[in-house]
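One chain, chain A, links the two complexes that follow: it is found with chain B in the first and with chain C in the second.
Up next, the complex of A and B:
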C-alpha cells in the first residue's frame, strides 16, 4: 500500500477515535451522536438479528436496478445523441445545467403517477444518475481518435465490429467514469427518495428511527450505508486505476 | 505530368486522379489533389514529398481506398480501387494508432484474429514479426509503457503480420526525433527487403525520402501534382549510412530546387488563410 493510502487511513482512524473519545467523555451528547464503537455494535446486532434484512435487500436491490438502467440507458441515449449532432446541439445546454436543478421536486409527481411503490424510487434513482452516464458517453465518443476509424477501414471492419472492437474500448475510460458517477448518484437518488416518502427501505427505516429517537438503529443503518457506498466506490476506483495504469494515464 | 514506367510490372496506379472536397457551410470547394498520374512498380520504394497541405495524405488515402477520387481511376493489382481498402494493402498512419487497451502482442495479432486465422499460425506470425521489429521483450507491455518510436513499430507490426503486398506509410516517423527517424528508416528498409512489398512513403523530410526510396515524387503546392520524379539509383542493399554518400546531397538538393518555390506558395496560402 502506498504512503498516501496509509495517511488516508490514518486520517479516518484518527477522526473516528476523536469522535469516540468526545462521545465517551460526554463532550458530545449521547442523544445527538453515539460513539462509533456503539454504532458498529448496533450494526452487528442488527445484521445478526436479521430484523432489517428485508429493508436492506430492498434498498440495495433498487439501487442496483436504478444503476443498471442508468448505465445501459445512459450509454444507449449517449450513443444515439452523439450520432445526431443537431439533437445534441439542442440538448447540450440541458445537460450542462441538469444537476443545477433540484430534480427531487418531481418526486411527488412520480408518486401521484405511479403510486407509493418502488417504481417512483427507481425512477428518481435513474433521473439522478442517467445524465452523468449520458455526458460521460458523449465525452468518451468525442475523444475517440479519428485514426481508429481509418484503422477499422483498413481492416475492412463493419460498423458493429468497429463499434465493439475499437470505439467501445477506446471510449471505455470515460464510460467507466460515467459508471462510477451513475452508481454514486443512484445511491443518493434512492436513499433520498426513501427518506422523503416510501413504504419501506433503508431510507424509510432511518427516517422512522430518527423520528423515534432510536439513535442506535439510525446510526447503525447510516454506518451500513456509508460502508456499502464506500466499498462499492473503492472497488470501482481500484478497477479504474488498474485500467488507467495500463493505458499510461497513471494514478488519479 | 505522366509518370509511366514502360515495360515494368505495375503494381498500383493513379490515372488522372483528382480529389475535390465539397465546400461546407457556404465555403467554396477545395481542390486538394491532381490531376495526378502515378504508376508504382511492383517491389519498389516510392516516396512522395511536397509542401504542407499539398495533398500528400489525400493521395495516399485515395490509393488506399480510404477516400474516393473525384475524377480518375485508381488500380491495385489490376483491379479498380473504389472507396474500399482492398485486401493486400496495409497502411501505417502518422498518428499513434496503437490500441492502448491491448498488449503489444495482442495489437499485432488484431488483424489476424479478425480474419479468423488459426491460433498456431497467429502465434507463429506475430512472434516472427515482433522479433523482426525488435519487440519480443515488450510483447506483454502496453503501448503506454513504450516510447513513441516503439509504439509506431507496434503499428508497423500490426500491418506486417497481415503480409500486405503494398504498404502505405503516411509520415510514420513525423513525431520522432531525428536520430530515431534514421534508425526507423533502417528498419523500414530491412522490412522492405524482407517482405518484397511495394512501399509508398509520404514524408515531408527530404533526407528521409532521399535515403529510403528508389524514386521520389516531388509535389506542387495545392492542388498537388507531381513536378518531377527523381530516380535515386540506390542499390537495394542500403541503410542510413547512405546519407554520407556524395549523391545523397545531389538528390536532396534537386528535391529542394523543386519544392522551394512550392513551399513558399504554400506558406503564402497559409498566411492568407490565417489573415
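Up next, the complex of A and C:
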C-alpha cells in the first residue's frame, strides 16, 4: 500500500480514536453521541439477535430493486433518446435542471397517490437514480469513436453485431459511471424517503430510535448504513479504476 | 444552439410536464392529485398570504446561513487540499465517500447536538453543500496548466499578482460549477431537515399539507420550490457558460 493510503488510514483511525476518548472522558455527552466502540458493540449484538434483520433486508432490497430498475430503465431510455436527436435536444434543459430540483418535495405527493407502502419509496429511489443513468448512457453513446462505425462497415457487421461487439464495449466505461451514480443515488433516495415517512425500513427504525432516545439502536443502525454504503461505493470505485487502468488512462 | 431554440425547448418541456400532470390527475383522481388549473389558481391565492410569506422567509433565512457556511468551509477546504498536494491525495477519497453517503442518516445526530433549532437545520444544509464545493475547488486548482505558473514566474509577477491575474481567473469556471452544485444540495438539505422535523418552513408546509390531506397546498408549494430551484440553477449555469466562453 502506498504512503498516502497509510496516512489516510491513520487520519481516519485518529479521528475515531479522538471521538472515543472525548466520549469516554465525558467531553461529549453520552446522550448525544455514544463512543464508537459501543456503536460497534451494539451493532454486533443487534445483528446476532436478529431483531431488525427483516427491516435491514427490506431496505437493502428496496435499494437493490430501485437501482436495477434505474440502471436497466435508464439505459433503455438513454438509448432511445440518443436515437432521436430532436427529442434529445429538447430534453437537454430538462436534464440540466433535474438534479437542481429537490425532488423529495414530491415524495408526499407519491404517498398520497400510492398510499403508505413500499411503492412510493421505490419510485423515489428510481426518480433520484434513473436520470443519472440516462445522462451517462447519452454521454457514452456520444463518445463512441467514429472510426468504430467504419470498422463495422468494413467488416460488414449487422446492426446487432455492431451494437454488441463495438458500441457497447466502447460506451461501457460511461455506462459504468452511470451505474455507480445510480447505485449511490438509489441509496440516498430510498433512505431519505424512509426517514421522512415510511411504514417500515431502516430509515424508519433509526428515526423511531431517535424519538425513543434509544441511542444504542440508533447509532448501531447508522453505523451499519454508513459501512454498507461506503463498502458498496468503494467497491464500485475500485472496479471503475481497474477498468480505467486497463484502458491505460487510469490514475496510478 | 441559439437562445430562441433553447427557449422553445424549455416551453415544450413545460407543456409536456403539464400534460403529464393532467394525465396523472385523470388516472388517480382529484383527491390525490388535483389538476393543474385549480392548483395554479390556489397557488395564486397562496403566494400573497401571510402564512406563505412567514414560512418562505423561514426557509430562506435558513438556506442563506447554510449557503454561507457551505461556500466558506467548502472553499477553504478546497483551496487547502488543492494547494497542498499531500492533503489532497489523502483527503480526496474520504471526501468522495462522504459525498456518496446518504447524509440524511446523520440528521438525528445533528438534532441531538443542536436540538430542534435553526442551527440544526443550517448545519444539516451545510453538510450537503460543503463537499461538492470543496471537491470541485480542489480539482480546479489541481488542473491549472503548469505552463501558467511558469509564465507567471517568467513575467516576475508578485505572489498577489499571480493569484489575482492568473490563479483566480483560471480556476473560476470550475469553482462556479462547484458553487452551483453546492447551492442545489444545500437547498435539498435544508428542505429535508424541514420535512423531517421542523415547525416552520416550506418543507414543513408540504409535510403538514400531506397530513391534512390538502393536496392542492402540497403541490402548490412543491411547484414554487421547483420554480425557484430551476430558475436559480439556470442563472448559475448561464454564468458558468459565460465564464467558459471567456476562458
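As a working rule, the second predicted complex is superposed on the first by the 251 of 252 C-alpha atoms of A that agree within 3 Å, B and C clash if a C-alpha of one lies under 4 Å from a C-alpha of the other, contacts with A are read in each partner's own complex, and residues count from 1 in each chain.
Just so it is clear, a residue touches a chain if its C-beta (ideal position, glycine included) is under 8 Å from a C-beta of that chain, and two chains touch if they have at least 3 such contacts.
Just so it is clear, the structure is predicted and the values come from calculations on it, not from any experiment.
A.B. asks: By the touch definition at the top of the document, which applies to A:233: first (chain B), second (chain C), both, or neither?
C.D. replies: In the superposition, A:233 contacts chain C only.
A.B. asks: For the overlaid complexes, name the partner, chain B or chain C, with more touching residues on chain A.
C.D. replies: The larger set of chain A residues in touch belongs to C.
A.B. asks: Quick one: classify A:145 as touching chain B (first), chain C (second), both or neither.
C.D. replies: The answer is first: A:145 touches chain B but not chain C.
A.B. asks: Does chain B (first) or chain C (second) touch A:247, or do both, or does neither?
C.D. replies: first
A.B. asks: Does the superposition put A:166 against chain B (first), chain C (second), both, or neither?
C.D. replies: First partner only, chain B.
A.B. asks: Kindly classify A:199 by the partners it touches after superposition: chain B alone (first), chain C alone (second), both, or neither?
C.D. replies: neither
A.B. asks: Taking the superposition on A as described, I'd like to know which of chain B and chain C A:154 touches: first, second, both or neither.
C.D. replies: The answer is first: A:154 touches chain B but not chain C.
A.B. asks: Of the partners chain B and chain C, which touch A:54 in the superposed model: first, second, both, neither?
C.D. replies: A:54 contacts neither chain B nor chain C.
A.B. asks: What part of chain A is shared between its chain B contacts and its chain C contacts?
C.D. replies: On chain A, the chain B and chain C contacts do not overlap at all.
A.B. asks: Which positions of chain B touch chain A when the two form their complex?
C.D. replies: Touch list, chain B to chain A: 61, 64-66, 84-85, 87, 89-91, 93, 95-97, 99-101, 110-111, 114, 142-145.
A.B. asks: State the interface residues of chain A toward chain B in the complex, per the touch definition above.
C.D. replies: For chain A paired with chain B, touching residues are 145, 147-148, 150-151, 153-157, 161, 165-166, 169-170, 172, 243, 246-249.
A.B. asks: Can you list the chain C residues touching chain A in their complex?
C.D. replies: Per the touch definition, chain C meets chain A at residues 1, 5-6, 9-10, 12-13, 24, 28, 31-33, 86, 89-91, 93-94, 96-97, 100-102, 104-109, 111-113, 180, 184, 187-188, 191-192, 195-196, 203, 206-207, 209-210, 213, 215, 218-219, 221-222, 225-226, 229-230, 232-234, 237.
A.B. asks: Provide the residue numbers of chain A that touch chain C in the complex, in ascending order.
C.D. replies: Listed in rising order, the residues of chain A that touch chain C are 4, 7-8, 11-12, 31-33, 89-94, 96-97, 99-102, 104-109, 111-113, 184, 187-188, 191-192, 195-197, 203, 206-207, 209-210, 215, 218, 222, 225-226, 229-230, 233-234, 237.
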